[in-house]
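Take a look at these structures.
What follows is a pair of complexes built around chain A, which joins chain B in one and chain C in the other.
Up next, the complex of A and B:
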């Protein structure tokens, strides 16, 4: 490196932010190892009791449910997101492209509460879906959509779709069209071109999209809280409940740490499972 | 001849699929708009009579007003700090090799995958341990960390699209580094900076989960106020607020698309 003007000035503020973040995570870790003193906000001495309590079936169940919901959400988001990303990248009409892009991206910026509330209005007992089904005579009485895993996953798919579309579209748009043209000129039909060229080459986008969707779903709070209504619980709901209803911050912290470890473990597993796939992808 | 019908059928199938997906994305927004203009306090579809009353009620509600003001304070500080920090770091990432470069990048991008409730809980505990009051400082710090990855990404992408010869030309004509930076690099980065700031601002204004942990009654931001409202009341004021939210956000994004080229900013365009 010959000259690096302003290096210190460029890096120092970012380092400060990184340190603040690391300190916050360290605070959670430290609390997770402290004893809970009922009636006090101050934690007690160091202990492993919190992590031992995590093994109780009640909590293990919530972890399993959470991973299952995250998995379903990531899967459906991928299935729904792929055609949209493909259309976004391959649309020739500029206006159509803009329409798809704005509709696909806007939900990302609406915030969880507004989106969740909107889904309550759609799925509630006297909500839109039930009203329409009743009017059409398809059902005799309102169907209970709320407080079901179906409703939670539907709303979560809606929440994670924009990120998935952005990541898939980024991968799809960087595939050299000449590969697709070469396959087509050699006689492959459109379906074959897609399955043997486009799809494998978009693997990095799929991996990035699925892992991010998984992590974002894990992080969701308002959706399972309001749409799950206590009957579909995720780790986030448990952490909040323990922190703000029983003020058991040490146990809330240990749940957070376990959640963090689980997220990273699942992400690492997904990356490892996808590694052989990526080899077929871009050289 | 057999290939043409297949292509045509695929096109039709694709069109129908994409329309259905766009319909799924738009459905909640359309339904909530119907609900907002319903004059009765109980949901019914289609509404029997229409009115603006829920918009008036929502705008007059104290908690929403306070939440909006608090949100502006937090968002103003958080997005601006994130912009400066993120842009500077993106420049360093793009230009220089330095110690702990990869580690620092990984830490700063990790809030993308670390659950927001963990981040919120962390800042809450940290503030308590440092003896800080639950004021704006903690909320702003927390938001800066959460929105930084988006600023980094958008500035970094526009740096990649920048022609380095322009800077070399300026330098070869005798401009010292600070002049190259202020007269060539930064002006060329404006679209990336504006979109990075815009993303950061929208995301910070709407951040909920972490905010729920770090805000207090006095400092609660709009999403927290909205959440508390939804838990207590069921009238369509919330639908009215949602409609305003959707309209403002969509308008900002359409403007960003027209003036900045959203596809380029999000890196979803074919590099030509």
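Up next, the complex of A and C:
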């Protein structure tokens, strides 16, 4: 048995952090079960009214919209991120590698708000995209991109892409290139090598990337808030709108708890669905 | 042991001046960015010049600062807090404010009646939320009444704040024969406005961007934002409807438990100084709250800048600040459920 003399010293701070998180979560849970008192900062007695209020179709729709937007974001991030990660790992030219890395990772160095505002400039009625389409004669009048689900997903894909690329690149770089060479030496073409060797072996990275992108998007706030313009709402926007902007912290807490439960439920479903695929990946 | 004692002595030496300086400063809680800079440049520096006491600022959003002070109840982080009039009532209701003795604020003698919000907080400057539009994008438009927002040509062009629907809720109630207390009377009227909304803005920057790029050429807009954008060259027409514009007042109060109440009164007195008030009005394009402030005529003539009792009485729709604090959550929820989603 290996001796771990510093285990306690390392585990203690982590335990303290975990306890702080648990305490914060307990406070949110406690708030979600308290009544809102108009005009006061202090919550009232214990009640289930906040959760009962969540049963309205409006909230169900926003929760479903959130799951749908997260799904689309994860899907498109994977579709765009995989070729980028593949090129990043397989490119031999250092300059090309650097360019791909800069394209893929630069968004991480900009704040979410800055990235989101730049998308408003691109997608607005007088924005870059509409101007280009008008000049090209493809449209006769500006297309309404802003305040649509399309715009929100587009901006969220941009925000999420670096995370996906980093995770996929890590997975792809761990694939033993000898497997691909062996397949090629046995007569498989590049596409067949990719489809039968590289893609299956990168499955753990895909699952990890999609799961992270999904969970990451679930908590998105600034992007749907600014690009959605109140017309496309996610759970975090509802928490802000109905909780913090109106001082109704108990209801905001109940929305947060419901959002957390939904996140866990969806991630558990995704894990169950991906379990058979995970067996393909290990090598 | 000797080393520990030396370390403690060194620590004591380092901390002693810090403690001393902490006692000799006034701590002011205010919004960040241009608000903090304005308070510092126009009020703080003048206060320091008069008293020799430096001012330290705690900045943050309205709700963040409210939460922090709630947690620090009895031992406040700041001596003075700036916040909006109705949020000030939340502080007051929670026992976070000291009751004001206006006899200690000489410049408060000319305070307009509308700025005397409660026994705990008073106004420092004012603004309105009203109709602002782009005449270059809405050809031939003329908005003389709030009712004009319901015209068919507004459909799909309007934006309003997502953080506070009280302006439109009260306006709809007034147009339906009600008022803030009987706001339900305006629900049907406000639902008729639903097709007119194109978006809801989330902050000042968002509002400015959406009207500057023409995305939402009509807004229920903060007058200060409209004047700022006009100064940047964006053609914006700001309207004071015949029913009046919805008044907003930012207030100041002394925190309960502050050990520097006397200094805090002096700070408030500087804030209400007529010359300081005129400078604040010029910087933010808002209304002074003392009637003896002498404004630059170019500022005084701006829509939403009130300089006379008559203007305060006739051009402002005032939502009872305490009622607004109590109703905000209900209004916000109704608006989100019935208008935004």
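We adopt the following convention: the second predicted complex is superposed on the first by the 273 of 283 C-alpha atoms of A that agree within 3 Å, B and C clash if a C-alpha of one lies under 4 Å from a C-alpha of the other, contacts with A are read in each partner's own complex, and residues count from 1 in each chain.
Following the convention adopted for this analysis, a contact is a pair of C-beta atoms (placed from the backbone, for glycine too) under 8 Å apart; a residue touches a chain by one contact, two chains touch by 3 or more.
Please read these numbers as outputs of a predicted model, since none were measured by experiment.
Superposition model on chain A: chain B and chain C are shown in a clashing arrangement. When the two structures are aligned on the shared chain, A:117 is found in touch with chain B and with chain C. When both complexes are overlaid on chain A, the residue A:245 reaches chain C alone and has no touch with chain B. Of the two partner chains, neither chain B nor chain C is touched by A:188. In the superposed model, A:104 lies in contact with chain B only, and not with chain C. Comparing chain B with chain C, the partner in contact with more residues of chain A is B.
Shared-chain residue A:166: touches chain B; no touch with chain C. Applying the stated contact rule after C-alpha superposition, one finds that A:62 touches chain C and leaves chain B untouched.
In the superposition on chain A, contact of A:127 is made with both chain B and chain C. In the superposed model, A:6 makes contact with chain B only, not with chain C. Once chain A of one complex is fitted onto chain A of the other, the partner contacts of A:80 are limited to chain B, with no touch recorded for chain C.
Superposing the two complexes on chain A places one of the chain B stretches 9-17, 171-179 or 225-233 into chain C: stretch 225-233. Looking at chain A, you'll find residues 41, 117, 120-121, 124, 126-127, 226 touch chain B in one structure and chain C in the other. Per the touch definition, chain C reaches chain A in the complex via residues 63, 66, 70, 89-90, 93-94, 159, 162-164, 197-202, 206, 209-210, 213-215, 322, 325-333, 336-337, 340-341.
Residues of chain A touching chain B in their complex: 1, 3-7, 9-11, 13-18, 20-28, 30-31, 41, 80, 83-89, 97-98, 100-107, 109-122, 124, 126-128, 131-132, 158, 161, 166, 169-170, 172-174, 177, 189-191, 211-212, 215, 218-222, 226, 235-236, 239-240, 243, 249, 252-253, 256, 259-260, 263-264, 267.
Those residues of chain A that touch chain C in the complex are listed here as 36, 38-42, 56, 58, 61-62, 117, 120-121, 124-127, 146-147, 225-226, 229-231, 233, 238, 241-242, 244-248, 251.
Taken in their complex, chain B has these residues touching chain A: 3, 6-7, 10, 14, 17-18, 21-22, 24-29, 31-32, 34-35, 42-45, 84-86, 88-89, 91-92, 95-98, 104, 107-108, 110-119, 121-123, 125-126, 128-129, 141-142, 144-145, 148, 177-178, 181, 199, 202-203, 205-209, 212-213, 223, 226-227, 230-231, 238-239, 241-242, 245-246, 249-250, 252-254, 257, 262-263, 266-271.
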